[in-house]
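Shared between the two complexes below is subunit A, which pairs with subunit B and subunit C, respectively.
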Partner chain A sequence: MRHAHAVRVGAVGFRIGAAWRAPVAALARLYEGYPAPEVADLTVRLEPQRPWRRWVRPSVEIAGDYWLPDAAPLPLEQGLLAAEMGMNLQVALGWRRHLLLHASAVEKDGRVLLMSGASGSGKSTLATLLGMSGWRFLGDEFAFVALDDGRIHPFPRAASLKNGAIEAVRAAGGTVGPVLEGTPKGAIGYWRPPADALARMAEAAPPALLLFPRFGHAEAVEPMPPSEAFMRLTQASTNYVALGEAGFATLARLVGTVPALAIDYPDSATGLALVERLWSEA
Partner chain B sequence: MTAARLLVAALREPASVAGLSPAEWTALLTAARAERLIGTLAHRIDARQVPAAVARILADARASAVQERRAALWEAEMARRALAPLGCLVVLLKGTAFAAAGLDAGQGRSIGDLDILVPREALGEVEQALRAAGWEAVKEDDYDDAYYRRWMHELPPLIHRERDRMIDVHHTILPPTARPTPDAAALLADAVPLGNGLSVLSPADMVVHAAAHMLADGDLAGGLRNLWDIDRLLREFAGDEFWEALAGRAARHGLTAPVCRAVRLAHGLYGTPVPEGWAGWGGGDALYRRRLLVRDGWGRQGHAVTRLGFYVRSHWLRMPPLMLARHLWTKATRRAA
Partner chain C sequence: MAPPVYAADPPGARATIRLDDLVAVLHRPSGTTHLLAPPAPELLDALASGPASAEMLLGRLSQQYELIGSEMDAIVARMEELVAAGLAWRA
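This part shows the complex of A and B:
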């Protein structure tokens, strides 16, 4: 490919190739200071839909080792988002070394807090805010659960914050940039994890608490039985089925050993205080 | 060396990977994944002889292949249970057959859909029994559905609504519109029972089917994997009687030319030992070889013109000219609509 960049995030070595310079340059800036992989585990390709679309109304198609048949291309100005989506897609469809949960993760005192929820639940925002206030940021998108001992391995990509979350993190003193306006998901801003999160990206830790947050509702806490947590996490896992027995055993151990709570919160400040309180009681 | 050539060399002679640079490893692994041969490669290569980062990727590929194999055999068992009351012959084809029969070709092989062969006269009740057991149409489209039923060698693909797995039910091994007409009754008559209610094709028919699938039906996408199947089958079945049987069966099914070409290509690329008279080069083999080796180190396919040629050829092989024109017209106008 004409332009390429390789970066390791946690356990995953990525190689991103593109027909244009801009997306790769933006990616290299966002991931400055991250190590390079010895041999890439996963490959992302950003290609024009048709050869002439490299110049004429350039649109970026996301391809690579794995792909979805109906993925819509993005305009070149959103090339960084395409690169990020490509990386997520490769992990979601191709990774088999850990059980993957669509969850954010932060660590304190050697124990991990997992937060799982759909887009808009606030899991990225909460993990980012906690990562700015004494917690180690492990990741805002995927939690990597080790198949042998159930520990959580970091995947400290730049957090992707949407719409209101950008302001919430800025108001708390965080630096968000670059911000892409008008994407299919609205405005998206990237927050670079602190140096500590990068330096310790190979350091796993056992999970201690599992939260299912829901943003925009009156404060409430509801214990969740392991059976329900199990079912919700099979839905939140991208490789549970592909891992077969190993996936079942790993998920069963997680919900069998870690307490789970569903929490509602009206705003970030309340959510943050609630999480700190529940953590101190866990 | 191009990535596809690296891949062929690594499969043919696993020791050839000693001393590959990290960039060459990346290219090799990417091409292997794109050709769906990474599980096979992982099975061939001694993980102690490679860099740690590569060993981890190969270990993942091995674990995936084990799981795919387990899921494929389970799917075959599900089909067996659904079809057992009919009492008709059910013959496993392709990857599932290799795995179920314990053949070398199944080692590390990726297995996607379940392919089975049943007697043509049983097709209706087979479809009914599968639908009753939870399989349903992938997508309802009248033209595609009618096309499959009238002109194809298989039912429209069915997918299981709970397990999300596809099944292709064949009544022969080439579309009725193709020029060669394989003897489906002979395929069934000589099938080898596995002892569990399912059967596989006889060794010679298995090779004939692999060659027909690769060279007489389709545009050679995934051809390196199909050719690897053929290499493994030929090595495992080798023997004077087998080669004689292969020549006989190929002639009987009207597939002598594709079988001979597949044997030559396997010999040329993977070094398959073949008897005098089967080796050598035939007209056009170089073009096939070029088509097989299009994959680059980023997992892309090069040689667009060669590929287009083989795409056009795949349709040409499958249908008479007038029918092809009608088919392409319907497809094109439907897409525009």
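This part shows the complex of A and C:
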């Protein structure tokens, strides 16, 4: 690879290589202040679809140690998104040292709040807003659950905010940038976690509350039985099956020890207030 | 036609954790996870002493549990579900 950048995010050492300078430079800017990894656990490669497409209508194909055959190539202007997607993909498919949950995570008073949901549920937005108001931001995409003691290890990547979430975070005083327009998911903007989140990225903490948020509905709170949380999280985990019995035991312990709630909220401000209230009652 | 006789892997082939009303079961030979409602976990346990028909299973369960009503059809239905899930088979 002509251009490369190595970065550690939480437990994961990445090496991102590309045929072009621009996406690697953008990535280096976004991850400024993150430590360099001792070892690159996962490799992401951004390559031209065909050799000549490095110059002619450049199109970025995501590759790495693990790959999906239907990962669509992106135009070069969205190279940063390709790098970010590549990092997520390599973690999702390749990581085996923790149980991975598709969830955001924030910490307060030594205990972790997990929020799991599909794209559009608001888990990234809520984690970002909480990270701006006294909580430690652990991550907006993956929660790393330790297989031995169930604690949550940070993965404080830059939060990926989509469409309305960009304005919601800006309105709350947050800095979002760069913003990529016209991606397959609409506009995507990145929010850099605060210095505290980076300085403490090796510091794990036990989970205390599990929320399944749903944005855009009238406020509602519904307790969720452990069996339903278990079922949802098997589906929200990218490596549950690969981990076998270790994943089974880790997930069963999580839902057996941490209360779970399904929450609906109409807007970010209401969601934030609701989360704070539920946390104070947990 | 003789009633079907059911069999299952020994209990050691399963990791079982009670979550609430439902029990999470990891079937070690296949690596698959199942959420089972009663009496499915009890039926699997009842097969530990060897293959059995629904009638024999009813007998084994009634030694441990107080059973009410027409359980026979329910046991056949639950056993067929366990067969479909790959946790038991017709011997």
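One rule holds in what follows: the second predicted complex is superposed on the first by the 282 of 282 C-alpha atoms of A that agree within 3 Å, B and C clash if a C-alpha of one lies under 4 Å from a C-alpha of the other, contacts with A are read in each partner's own complex, and residues count from 1 in each chain.
One rule holds for everything that comes next: contacts are C-beta pairs under 8 Å (C-beta built on N, C-alpha and C of every residue); 3 or more make two chains touch, one makes a residue touch a chain.
Keep in mind the model is a prediction, meaning the values are calculated, not measured.
K.L.:
In the overlay, answer first, second, both or neither for which of subunit B and subunit C A:A22 touches.
P.N.:
Neither partner.
K.L.:
Check the residue A:G256 against both partner chains and state whether it touches subunit B (first), subunit C (second), both, or neither.
P.N.:
second
K.L.:
Figure out whether A:G244 sits in contact with subunit B (first) or subunit C (second), or with both, or with neither.
P.N.:
Once the two structures are laid over each other on A, A:G244 reaches both partners.
K.L.:
After lining up the shared chain so the two structures overlap, which partner does A:P37 touch, if you call subunit B first and subunit C second: first, second, both or neither?
P.N.:
In the superposition, A:P37 contacts subunit B only.
K.L.:
Looking at the overlay, what does A:A187 touch: subunit B (first), subunit C (second), both, or neither?
P.N.:
A:A187: touches no partner chain.
K.L.:
Quick one: name whichever of subunit B and subunit C touches more residues of subunit A.
P.N.:
For subunit A, the partner with the higher number of touched residues is B.
K.L.:
Touch test for A:R97: subunit B only (first), subunit C only (second), both, or neither?
P.N.:
First partner only, subunit B.
K.L.:
Using the touch definition from the top, say if A:F230 reaches subunit B (first), subunit C (second), both or neither.
P.N.:
A:F230: touches subunit C, not subunit B.
K.L.:
Scan A:A146 for contacts with subunit B and subunit C and give back first, second, both or neither.
P.N.:
Touch status of A:A146: no partner.
K.L.:
Could you pull out which residues of subunit A sit against subunit B in one structure and against subunit C in the other?
P.N.:
Of subunit A, residues 241, 244 contact subunit B in one complex and subunit C in the other.
K.L.:
Mind listing the subunit B positions that touch subunit A in their complex?
P.N.:
22, 25-26, 29-30, 33-34, 51-54, 56-57, 60, 63-64, 67, 70-71, 164, 298-300
K.L.:
Report the residues of subunit C in contact with subunit A in the complex, numbered from low to high.
P.N.:
For subunit C paired with subunit A, touching residues are 15, 17, 19-22, 24, 26, 28, 31, 33, 35.
K.L.:
In the complex formed with subunit C, which residues of subunit A make contact?
P.N.:
Interface residues on subunit A, with respect to subunit C: 225-227, 230-231, 234, 240-241, 244-245, 248-249, 252, 255-256.
K.L.:
Along subunit A, where are the residues that touch subunit B in the complex?
P.N.:
Its residues touching subunit B are 1, 13, 15, 17, 37-41, 43, 45, 64-65, 96-97, 241-244, 246.
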